[in-house]
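Naming follows writing order (A, B, C and D), and every chain is counted from residue 1.
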């Protein structure tokens, strides 16, 4: 035990990635997702490397609540660490690797097990946007089941092949549910991915409460499209990013 | 990003509105609604200007948890900023503008997306007062759907015409639900609007839990009328305002 | 506004009741019930006066989270303040007055609107103990409806006559539900009343979750009797009182 | 009252057990389980004595949130205190005693009344793992009812005979539910027992939300076996232990 905490050992500090705005924002994203209860001990968030779009940056294996700049590691799109220096990467980094490889529009990826979303990963009830702040999750959220192609596994997305299969199900969507496991959110920026993950959870909780009251009225396709745009306008995005940063006690950058 | 935070830029402080008791109370109202979970990143609360009843005061576009005296802006009943000084107003200020124009009895307006209320905005189950502390929400709460008159939109109340349509549905009621979006609460004082918004959410949560147990016993019209009066007596209003101020860490004024 | 906060005005301090252990414990009880979410802005807790069993002690009209020793007032069993000194009493002190008058075994009374309990006040589903820590709530919990005898009111127990009617329905029970309003808990000590109120709420929440799963298995009458005794043994009572005091940041006395 | 707090009296400090890593970790386990809401005023966690596998170590009767190194007491497998020094042990220490006696693989035992788990103790709905982080709870969770063999009791596991009956129902499983009472979790280490208890509660809450949506898709036997192994690998175990220690404000040791 204690290995995670003490890494790296030796009194010698790892030379971290340069403190680019995107990397500082990635640390903020980790803290925000933890503070809002989207991630717990598990879950992770990455960003496409602004210096090399064929690479991405993700923390070493550490709970998002604790991630610091020095924890960030760079990976290739095969999920190989560029300069590990003895740090242990997340077992499921292939989720990120595979999505960045096929989705040039994606700049940030969140993987999480938010408790409000989980019920939808084990039921046939579709998770659809019912409130305008959650329009950004998109009109349709596909469900990926690792069992379909890979049989009885430990449920983790460990290989690039598994990551690619997941990314193929995600296709052009923003969110994806993983049966009995969690969700993936892909965004055109860190802020977008984080806010989408937060309001995916809000929408899930509202929907869980609404379902016993009768068939809920959903947003129309047109409303989803137009509202997404409004929610990602600077007016709404800046305001909510400032708010979530303040709650998590991090610098909005 | 960061635009919201940094506004206004230039090392020069905006000359804020004078620190009248009503304006300090409005800042407190923002913090209380945030602390009690009635608003999150989004939502806003306004007050009719005590110096000019044809105008109202509302924060610039900022999450209520963060609002300070210097963020307050004055608006005409057309929703035009009197002295913007580069500050960005909320996109939905027309909700406030239109209500103040037709409801001389209203001194404060809250717009929010409280999670317990949202399920009732997407179902046919009416949100009715079932506990006496929530009698102040009124016997009937109309539901407004922007789609009815304005078709497929981004769900936001952006134009004065939309605000007026909403205000016409609100009519003489205290609360109104907006389909797939949130709610509006109108009060004869800041304290009343805030407490009504808080107990609207309490009542919604209690009702959500009670509905699976069978048809809930509602308050009678007479009970609602008499209990509202009791809840807005100084005895109850002072006690609860002191309490919510203390929890939010603000001066009760 | 601010009247509650500023009472009494004049730079002159009210001569409080002497700091007897029971009065310090009553302050602790107020803070604990607030911290555990049993009371919010409203609700109150009293103790029979250890110096005169025909009287009881209750805070002036103030939210329990804020109550201090100087807020305590003494009342006769008619609900009259012995020495008000300008302080405003709770409007519903008759609940306490009437119970102390007919229940010599009762030393402390809690009145609250806990959110988990409220659904049972508006449904026919009986609130019965289903977990052993809640055995202390008793095998049966009567429901009192002010409408039955007093017609359309403001729902508050304002007169001694109303209090007496409530006390008659409570009879020898420990807990009572008030339709569309809240609950009353009567205990043989402050600690017992407080712990019963807390586990009444725990039991209500567990039952709300269990009901959709099928008819819940209840505790038998024998289990309720024996388990109550165990939960009120020093072993369990001391441990939980220490715990709830520590959480609320008050001295266990 | 106050006995629990003041023990032992006399200005004389109890000579605590030596500060072995396992004992410090046991204190951390108490705090973590309290912080995560698995235990409240009640519940306890023990460890097999690393110095003598025929004995185990458990706090004196104190709420887990408050347990310190000086509270730890050593017990034989008959539940007798080795060196009580006037300290009062938990009434239900026989749960621990009986399990250590028949399960040489078990190093730590948690007993709790987590609110999400309780509904499953009073219904026929089986509590089964539906999300991969909870695979560690095992494919089957037996339910033990004290009434079956011991009739109407105070619901507490007070005698060694009762503890042995419970342990016989637990058999080789990891978790066990106790009707109308709570649960027991047995682990091969303190970390494993704690994390299993936490994710048992997460799984229960997710399942409670999922059941109204239709028959939930469960993990297969193969998935449970393989995922348990993954969740207890150093990669996942170290990360989550660090996280839960940090949240509870304790040293990961």
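Simple rule for what comes next: a residue touches a chain if its C-beta (ideal position, glycine included) is under 8 Å from a C-beta of that chain, and two chains touch if they have at least 3 such contacts.
What you see is a predicted model, and the numbers here were worked out from it, not measured in a lab.
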Exercise. Return the chains common to the contact lists of chain A and chain C.
Key: B, D
Quiz item: Copies chain C, chain D: same or different interface, half of numbers shared as the threshold?
Solution: different
Practice problem: Starting from the mean Cα coordinates of chain A and chain D, work out the distance between those two points in Å. | Solution: 32
Quiz item: Taking each chain's centre as the mean position of its Cα atoms, how many Å separate chain B from chain D?
Solution: 46
Self-check item: Shared interface positions of chain A, touching two or more other chains
Solution: 212
Exercise. Can you identify all of the chain pairs that touch?
Key: A-B, A-D, B-C, C-D
Quiz item: What residues of chain D sit close enough to touch chain A in their complex?
Solution: 130-133, 135, 191, 202, 205-206, 209-210, 212-214, 216-220, 222-223, 226-227, 229-230, 234-244, 246-247, 252-253
Practice problem: Give every residue of chain D touching chain C within the complex, in rising order. | Solution: 1-5, 40-42, 61-63, 65-66, 88, 91, 113, 115-116, 118-125, 147, 151-156, 179-182, 208, 211-212
